[in-house]
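Two complexes, one shared chain (chain A), two partners (chain B, chain C).
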Partner chain A sequence: QKVTVEVLDHLEHLALVDFRDLEGVEWLQEAIEFADQLHEVNTDGMEPMDSVLEDRCLYLREDDVTEGNCTKELLQNAREKVEEYFVAPPGNIPLPKLEERETFLQG
Partner chain B sequence: QVSAALREGRVTPTELCQKCLSLIKSTKFLNAYITVAEETALKQAEESEKRYRRGQPLGVLDGIPVAVKDNFNTAGIETTCASNMLKGYISPYNATVVQKLLDQGAVLLGKTNLDEFAMGSGSTDGIFGPVRNPWSYSSQYKEKSVPKSHSEDKESNWVITGGSSGGSAAAVSSFTCFAALGSDTGGSTRNPAAHCGVVGLKPTYGLISRHGLIPLVNSMDVPGILTRCVDDAAVVLGSLAGHDPKDSTTIQDNFKPFELPNLTDVSKLSIGIPKEYHAPGLSSEILALWSKAADLFKNAGAKVIEVSLPHTRYSIVCYHVLCTAEVASNMARFDGLEYGHRSDMNESTESMYAATRREGFNDVVRGRILSGNYFLLKQNYEDYFVKAQKVRRLIASDFVKVFRSGVDVLLTPTTLSDAVPYMEFIKEDNRTRSTQDDILTQAANMAGLPAINVPTALSERGLPVGLQFIGRSFQEKQLLTVAKWFEKQVKFPMIQLEVVKKHDHGVFQHQKSASVS
Partner chain C sequence: LAPWVPVVGLEIHAQISSNSKLFSGSQVQFAAPPNSLVSFFDASLPGTLPVLNRRCVEAAVMTGLALNCSINKKSLFDRKHYFYADLPAGYQITQQRVPIAVNGSLSYSLCIDNKMSQMVTKTVRIKQIQLEQDSGKSLHDDTRSQTLVDLNRAGVGLMEVVMEPDMCCGEEAAAAVRELQLILQTLGSSQAVMAEGQLRVDANVSVHHPGEPYGVRTEVKNINSIRFLAKAVDYEIQRQIEELESGGTILNETRAFDSKLGCTVPMRDKEGKQDYRFMPEPNLPPLILYDAKSLPANMNHQQVVNIDWIHERLPDLPSVKRAKLVEHYGILPEHSFTLLNEDGLTEFFENVVKETQMKPKKVIGWILKDLLGYLKQHSLTVKESPVSSLLLADLLNLLEKKEISSTAAKQVFAELWKGEGKTPLEIVKEKKLELMQDQKELEEICQAVIDGHENEVITMVL
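Coming up: the complex of A and B.
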């Protein structure tokens, strides 16, 4: 079953990355087919494994401040900044819909 | 050996550093280094020299030139991950493993080349171009390659290093450094180690801190160690392993650095040969070598038995799903706001992010992000992501069963064949190649087990072939002891490189003994 344009569009929105061309879409199609092999395996009664260290307790540090005050270093790598803020374009504008976007999926 | 030479004053850290730096310049055609930190390296070497003169070196690694894969953060030095997304990004901090090396006095020569964001098995897909395997220029390879015609560019049949830590492997293999850091998520340290004829160690997940290693798959990534001999790997491991409060996935057990014993009696050893690792596509040469290695152990008195890891062939599929899913999550941090490339698009946050990511990532990265997001969609989550996690448990428990049955160490091939020429490698796309090449190395990452590639012999084409040992969780000492015994038995030949010979033979003489002690 092929992936629908709606799903492809949805993925582009979620990932904020574009398929670019037919090859990109085919890549996904092949990835899905490849992954489908998983369904050959019988996993009845198996618990999913999150981490190989699941038998151990996760380590949490004490909530003590041990380092910080590195505002200057952190801001150094940002392109757009004002005083001590990272500057972003307006955030409450969603990515344009499929019809209005410049995307390969239009075709 | 070289450490002893430093202590005895036969060579000084600055001499060593300068020789390595000039060798790096002479081997520029290998494209192993993205950034060479000449000034800082020389400064570090000078500091080291002062310490040696006072008779107070920090340790075995003091003054030793090392290289680090370019996906580790290094303060003040550009860290690119071979991607446009991070071009020009100067890390504000050192990764824990880098800091540990520097604290021991190691001299950081530079950052090595890789596949973009460590995704790939050839070190061919980064923005700085592919890495060339130093063995392409060895007399061993040149003797065996039949020139097809006068006009054929001799340059064009150079072979790949494997990946994704190809730069690190090439750097170690061409003598430009004594040890290098790589990363291993699906075999990225062991694969290039096998192709470049060096030792590649993947430690147990949780032993070495990942803080500062730009993450790919949080549940499988580990820093990898590349050296010219097993003893060196043990030394580097000793300085890197241990709990890091900044990485909560490092175990809290106390780690004691160890020296490897010289094993003489292997009769108490039980070596497992997993039959599923006789994978389709395994070259007959490597199959024969694997067999010979098994016999080597048998003849020395060890118990060698065939074992089964039934879910091996699903490992790569499982990896494909889990890797792309975690990658989709990890790559979300690259939005152009706080660091890295930022697009000029300014209409909205989302469109800026989308444009930044379109401009910054290559096809491979984008492909994985999109696939990962697909598998994580609500309608697919159970069928793909959770399913893969269940299969992962099956794979991990395969290993547990085998080790519980008394096997100490598993012996398998590392790669399906020797290094292929670049022109041939690029005929297939990155995913196909990764799928093929990771097949033998991937399962160890699934289960978090330690694994090591030991260079074994030269193929008919004059290129290195390695074999892999997989050990029990956190039993690096046992794993490396066996690896060292094996290394001693096979006496892998040293690479014969014109360019190295032209340089001062004296210093690198020490290296010869390193691999044949």
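Coming up: the complex of A and C.
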């Protein structure tokens, strides 16, 4: 089962990754096939394990103010700032549709 | 034309009342210098990790118990991914698979035909309550084509309360949210002030014909008050009905409520349907809660959240407070609703009752009509009242002892309202409003009136 162009396009939109060329797509294909091996194990009636931390105790913190007040430090990495605000573009700039962008996926 | 059945569900986000944020130690406070209440974790700097705030867990358990939910002794955290400038991590930590509380209910009351004397009780099912992070705030600067981002709110704890689509109109939605607001304020788990963004409501609205499947629903956002919630829901129901009756279709879209125009408008969704790619939060183990039975013997009690311990300490909920007021003071149920609906009014009422011989059933009339009437007219809160409970009690005592008539009492009240510091007795004396008790004096006055109007008296006798 090959990964379709629709799925690849969808992934590029969602994650803003760029598969760039055939090698990138094949790499993804191989990664999926590798993970698919999991299906060979019969897991009927078993509770899925989603975290190796499942037996650990989730530490609960006291409700005290111990952090913050470091505006200068936080802003020092910002390329643009306006009066202690971070600056961002006016809105999300979504990836143009498949037909409208230069991508290897079109071929 | 076949009747339409409107269906309304609600997603409510309540900011948890806590000193620090859900997963970090930065402060929770409305209105502070931009980016001053932000920790490295809140700004999503690499190498930072979430650490769960115990107080937020307790707030969610309290709220779940108050809404008759089953508390999940094991709940999980997940990541919900989307890109936005005020979500620095690119994902929100939430509880999508197994939230902290499920399957509850909320009872609320409505007046039929706007008559307070005819109240009906309705119930809405609570699907779940989940803990999640709030995002930062975006300020749109259209002139310079940029967005300014303040992360002070990023990471503040939220309880998302999901109400099933059991409501059918704006009035029901508003009443349900109002009752939830009162419950949250009573518990102290959230201050739930909508104007400060501590309570945000999104409405899901659809219409269908009886017996047919549910229609396509729209989501309505940007509702800033309970009053606007009712308007927004009713407008959207009407819009959908008109659209469908004229042969159109309803799009599964998100719409914003425009309070100035009183209508809903599509939120321009350039990105199409979102795929949040939920995944378990790898940095947080499951959240385990205990009760009296499952309490581990030798665990640090600071690490234990005991559901039973919290249950035992729940305060009286609004419905219980109302019932107690009705029972204790003999007032009507609708009176108890009004008392609880105004911040501080119950206390005021009880203070007056304490200091006066007048029966509570009579006092309530003065509180709900005269006092509340004046307060509303001058847009004042109970706390801002120029007439204190003691002053009102004094006045009611004069009335009760028949030293003044009820008409005179209303006049004195109007004077007291000016807040000039005079006591009721002083005003009565000043304006000579005392009721005359002297039999002889009264007879002399009556005789004088009769003597002065001989013709009218003769006409009356004949």
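The working rule: the second predicted complex is superposed on the first by the 102 of 107 C-alpha atoms of A that agree within 3 Å, B and C clash if a C-alpha of one lies under 4 Å from a C-alpha of the other, contacts with A are read in each partner's own complex, and residues count from 1 in each chain.
Quick note on the criterion: a residue touches a chain if its C-beta (ideal position, glycine included) is under 8 Å from a C-beta of that chain, and two chains touch if they have at least 3 such contacts.
A quick note: this is a predicted structure, and the numbers were derived from the prediction, not measured.
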| item | value |
| --- | --- |
| Chain B versus chain C as contact partner of A:D63, first or second or both or neither | second |
| Chain C versus chain B, contacts on chain A by residue | B |
| First (chain B), second (chain C), both or neither touched by A:G91 | both |
| Partner chain(s) touched by A:L28 [first = chain B, second = chain C, both, neither] | first |
| Touched partner set for A:T71, first chain B, second chain C, both or neither | second |
| Which of chain B and chain C A:D18 touches, first, second, both or neither | first |
| Overlapping contact positions on chain A, where the chain C interface meets the chain B interface | 10, 14, 16, 50-51, 53, 56, 58-61, 70, 74, 86, 88-91, 94 |
| Complex interface listing, chain A residues touching chain B | 3, 7, 10-12, 14-20, 23-24, 27-28, 30-32, 34-35, 37-41, 43, 46-53, 56, 58-61, 70, 73-74, 76-80, 86, 88-91, 93-96 |
| Touching residues (chain side chain C, partner chain A) in the complex | 18-20, 24-27, 33-41, 43, 51-57, 76, 81, 83-85, 138-142, 145-151, 270-271, 275, 277, 280, 282, 284-288, 302-303, 305 |
| Of chain B, residues touching chain A in the complex | 89-90, 92-93, 205-206, 219, 243, 245, 248-252, 311, 314, 317-318, 320-321, 324, 328, 335-340, 342, 345-354, 357-358, 361, 363, 366-367, 369-371, 373-375, 377, 383-384, 386-394, 396, 431, 435, 447-448, 473 |
| Footprint of chain C on chain A - complex, ascending | 10, 13-14, 16, 50-51, 53-71, 74-75, 82-92, 94 |
